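Once you scroll down, you'll see the structures, which are given as structure tokens.
One chain, chain A, appears in both complexes that follow, with chain B as partner in the first and chain C in the second.
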Partner chain A sequence: MTLSRTAAPKAPGPFRALLPGLMLVAPALLAIGFLYVLPLVRSVVFAFVDAEGGFTTAHLRVAAELYGRDVLFTIFVALSSLALIAVLSIAIAGYLTLGATPWAVAALRWLYRWPLFIPFIVAGQTARSFLARNGLFNSLLIDSGLMDPAMAQSLLDWRGLVLTFAWKQVPFVTLLLAGAMASVDRSTIEAARNMGAGRLRCLIQILLPQVRGTLLVGLILSLVTIMSVLSVPMMLIAGNPTMMTAMMAHRVTYYGDYPVANALGLFSYILTALAAFAYLRMTMAQRRESER
Partner chain B sequence: MTTPAAFTGALRRLPGHLLPALMIGLCAFAVFGPLGNLLLWAFAEKWFFPARYPTEYGFDFWHRVFRPRAGAWDSLFASVWIALSTVLLSMVLAVPAGYALARLALPLRSVIMLLFLLPQAFPSLPIFVNIARMFYGMGLNGTYFGVVLVHSLPGLVYAVWIATAAFAAVDRSMEEAARNLGAGPLWTFRDITLPQAFPGLVAASIFVFLDSIDEFTGTFFVGTPDISTLPILMFNASMGGNYQIAAITALILLIPSVGFMLVIERFLKADVLSRIGR
Partner chain C sequence: MGVEALALQGLSIRLGGANILEDLSLDVQAGSFTCLLGPSGCGKTTLLRAIAGFAPPSSGDIRIGARSIAALPPEKRETAMVFQSYALWPHMTVAGNLTYPLKLRGIARAEREARAERILELLDLPGFGPRRVTSLSGGQRQRVALGRALIVDPPILLLDEPLSNLDAAIRRNLRGELRRLQQKLGITTIMVTHDQEEALSMADTIVLMRAGRIVQVAPPEELYSRPADLEAGRFLGVDNLLAGRPEDPVAAATIGFRSGDARLAGAPGTGALNRRGRVLDCAYAGGGYHLQIAAGDEVIAAVSGLPVALQTEVCVTVPAAALMGFGTDHRLLPRETRPDSGATARPSPELLSH
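Right after this comes the complex of A and B.
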């Protein structure tokens, strides 16, 4: 307000009034243009350009042929991770909202956030040691008598990826969900409880439908994260198939092959765009329903 | 002395506490188990395959990591230096932009906000790959400036969001009172607006700092092999099978993250948080 007021009185022209704001935002816009929009455009364009500068779909075909299995593996790991993230964060956020044992709610509130603050690269290293054959996971199961030592096996495959992604992302989605659940009107829950509904039923039939949008946003942001993290698949998975991120890095660092890497990148854009599209359609349908 | 009735009452309530206790125990195992394994590796002198726990503990590897001419100090200084530069660059760009987005008339404001949101909405790996390609042509690969630039991409996004929210939360009536009393616009900004937005801006700086300290992918494509930050050092140690060195580096990386996050709630107030992304 302060700056526009000094510019406005003498020249009330629409452009003069917008000038201060534009000048202040311009440097940041230029930076995002150079560091984001330009690389984004290049990543899409170079997936379709051949050595002579003409249009080609050869890179896409090579990428699909060489890395089709990795793409499927990525989709499988991403969907499994999202399913696990959804179940765990609904359970934790639900307990934080409806839990009847105060000390347990307080303890859980303190506990669940920790992985949020731990960098992915460190999470990758902890998983690499924790889930290995002689890792603490197996050792503690064996010591507690829950598992036979001969049964111990390394979890450093798709299971390790799913567990690590969930470990990192559950606190994030729970944080969003618990916030949304806290702002849901308590009176309907109290009413349902008085009518004899169990806590689990309250969670699934009353709380969950009201926070579905928040849950989906959290899951889509988690999907973007899963499709972006390079360190975890590189540290957990040796050999094939692996996540597309690791294959893109492999293509660039070992072959200097940017076009095929960009074609793979395009696949990862499309996968996230599909998820975002599904989310938009769902919210639109919901809005139309509520307008009726 | 407890009466029989009170005793049976407590006994009846016990199962009600047993299930939550079991659940909390499981959660604690899931959260701290992996971190405990990290601690074991950091102090393990010898730990070979069939052994379920280290056979010898000690500080040998700590000495090795912190030897005067070992790479750890260089990586630590490089990380901190890059992170501070990233904070400076991001905030210099984000503070004016955040003020304009929160307070001034802007054409296509929602489009500009969306532009600052996009980098979080799509996978970032292809972006980093293409930044590295561009930087290669400009001679920026393997330079500190190149790494600072690539760290500033996520940094700028966080900084603009939080700065916009912080400026939007400033009480306008105080500014108007200052103007009515004869203060100029710049004085009003410095003495009224900035102090009120300051905690939010500090929170933004902390986020940018942490993000830069932990950043791996951008550094991997733009900085290596010339520039080694702590995450790169940790990654190389881990891939080379030096689990002790990787674990010690990981613990060092945890200090700023956990430390700052314990104090972040003091800087990021709820009224600012509720305005992020608007």
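Right after this comes the complex of A and C.
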């Protein structure tokens, strides 16, 4: 009697041991599975399934044939936007961190975030009235005598897209970058200045290398945003070529052609996945380095 | 670049309405090792940062040799600073950190690498060039930081508490190493520290600071034996401050001495300060015992080689040479002796050498 009472309880099976843990993660796991993974897999699968349910690459071929130029145009616009975003946000965050005029830094800090709170569709509308042939931008140039009225041209093409994406995403990347720069050990900057480096050199050679991970994260998140925005290309660009999102919407709205839209979607997955892969590789390398 | 002197003239710094430094003037001789010593918040780091150009002065001038540098940005001053946190650039290797200042000066790659190697030899870190700075220990990082400052052959070396983040043993080692290196290179050096032992053992001249002002400028021996006032004395380890009595060998409102100079004696010593009292506390402190002795309403700290039972009546005696007399204004009085107790004070030639 006493023996059986003091004997250790039977060890639970491996599944019983896992059960409480599984129960805890189940809601999150189910939400990700049903709301994210399943639609993604479905859309990838449907890009390869024909009307009879068999495997086909016809949708991909149609998508590449009809919209190949749009895919290239999208890549070009996205990369140009990212380059502009990177340059502007490094400049703004750098000035916020290294600026020597307190009132200018305070004013910039207050101003630069505004576009964060403006939705893309409003940004598109604003850009339309600003960048059109007789828009505010050209009027300003003409009124100030910097441009001949006959030279005025509409910027509502790839340039308009790049400017609008940059205008909308620069505050976001700057926010991340300025935060990272603020947490860099200030004495590393002072040491560089003490050794003879001017402000610009400090920014490029000392500050930026220490926050390049954050810059990359900001740019990758911006890339994903640019690849997914529909309103801006719809509002800014009338003709061909245009961004892939506009073409997917066109395919679905006017033809009800989900397979080709899915095939186009596959291209954007691949593009963003490449960026994500580059990002993961870099963070892994950084982790290995810090562990060394 | 040659060895140059540094001069501060009427330097004041105001930050947010508060005076951090007030009207400081100081001459630092070329090739000397000067320590800025003081409690935290006394402005010593601000003074160092002002010399480097990171704290703009509201008035006054800073000169290196004959040049005024007060209006120059930090990158034009050519003062080499070693930071408390080392401030090595984490994205560069050891060699990268060492050669970056040379790169800024447009020196060719081969020359840069040769100089980096030479400085690594000098700092006893041969072969460390390709290592990442994040893989170094604190002492190694500090040496690389020092090498980075020395590699440009600066006229002035500024050290901001360079040893305070290190273990005691490494600190003692580096202290001697730093001093020898400074003497070998003969570079004008200014070091900030709050550690009086560090300042006393390393400096040619110590600048004692308090509340944004310079209290005393003196060689270590003089500063230690003749602190300018009561507070300076307290900061420098004068832990006994007693009200003067007519029979004491020094005529002063307050007489100060260190507990290490106070001994127990069977009978009062002649020409010495004597107090009778009762032992309140006796604690072992490695190599001897620390005593707390109640003498009237004053408590005297003394040391003894042997333990003493509590409440024992003892006589504490301090030789006249170890006594410092302070006036009613708390300033140190010129050294004077009273050959026999009760006689009026008679100034005698001051002897600073003992």
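Observations on the model:
Just so it is clear, the second predicted complex is superposed on the first by the 246 of 292 C-alpha atoms of A that agree within 3 Å, B and C clash if a C-alpha of one lies under 4 Å from a C-alpha of the other, contacts with A are read in each partner's own complex, and residues count from 1 in each chain.
The working rule: a contact is a pair of C-beta atoms (placed from the backbone, for glycine too) under 8 Å apart; a residue touches a chain by one contact, two chains touch by 3 or more.
Just so it is clear, the model here is predicted, and its values are computed rather than measured.
Contacts of A:119 after superposition: chain B is touched, whereas chain C is not reached. Applying the stated contact rule after C-alpha superposition, one finds that A:265 touches chain B and leaves chain C untouched. With both structures placed on the common chain, the touch criterion links A:187 to chain C but leaves chain B unconnected. With both complexes placed on chain A, chain A has more residues touched by B than by the other of chain B and chain C. Contacts of A:196 after superposition on the shared chain: chain C is touched, whereas chain B is not.
In the superposition on chain A, A:209 contacts chain C only, with no contact to chain B.
When the two complexes are laid over each other on chain A, chain A has no residue in contact with both chain B and chain C. On the chain A side of its complex with chain C, the touching residues are 185, 187-188, 190-198, 201, 205-206, 209-210, 289-290, 292.
Residues of chain A touching chain B in their complex: 1-6, 17-18, 20-22, 24-25, 27-29, 31-32, 35-40, 42-43, 46, 92, 95, 99-101, 103-104, 107-108, 111-112, 114-130, 133-140, 142-143, 167, 221, 224, 227-231, 234-235, 245, 248-249, 252, 258, 261-262, 264-266, 268-269, 272-273, 276.
Residues of chain C touching chain A in their complex: 52-54, 73-81, 83-85, 87-91, 100-101, 104-105, 132, 134-135, 145, 148, 152.
Those residues of chain B lying in contact with chain A across their complex are 16-17, 20-21, 23-24, 27-38, 40-41, 47, 49-53, 92-94, 96-97, 99-101, 103-107, 112, 115-116, 118-134, 149-150, 152-153, 156-157, 160, 172, 175-176, 179, 185, 188-189, 193, 213-214, 216-217, 220-221, 231, 234-235, 238-239, 243, 246-247, 250, 253-254, 257-258, 261.
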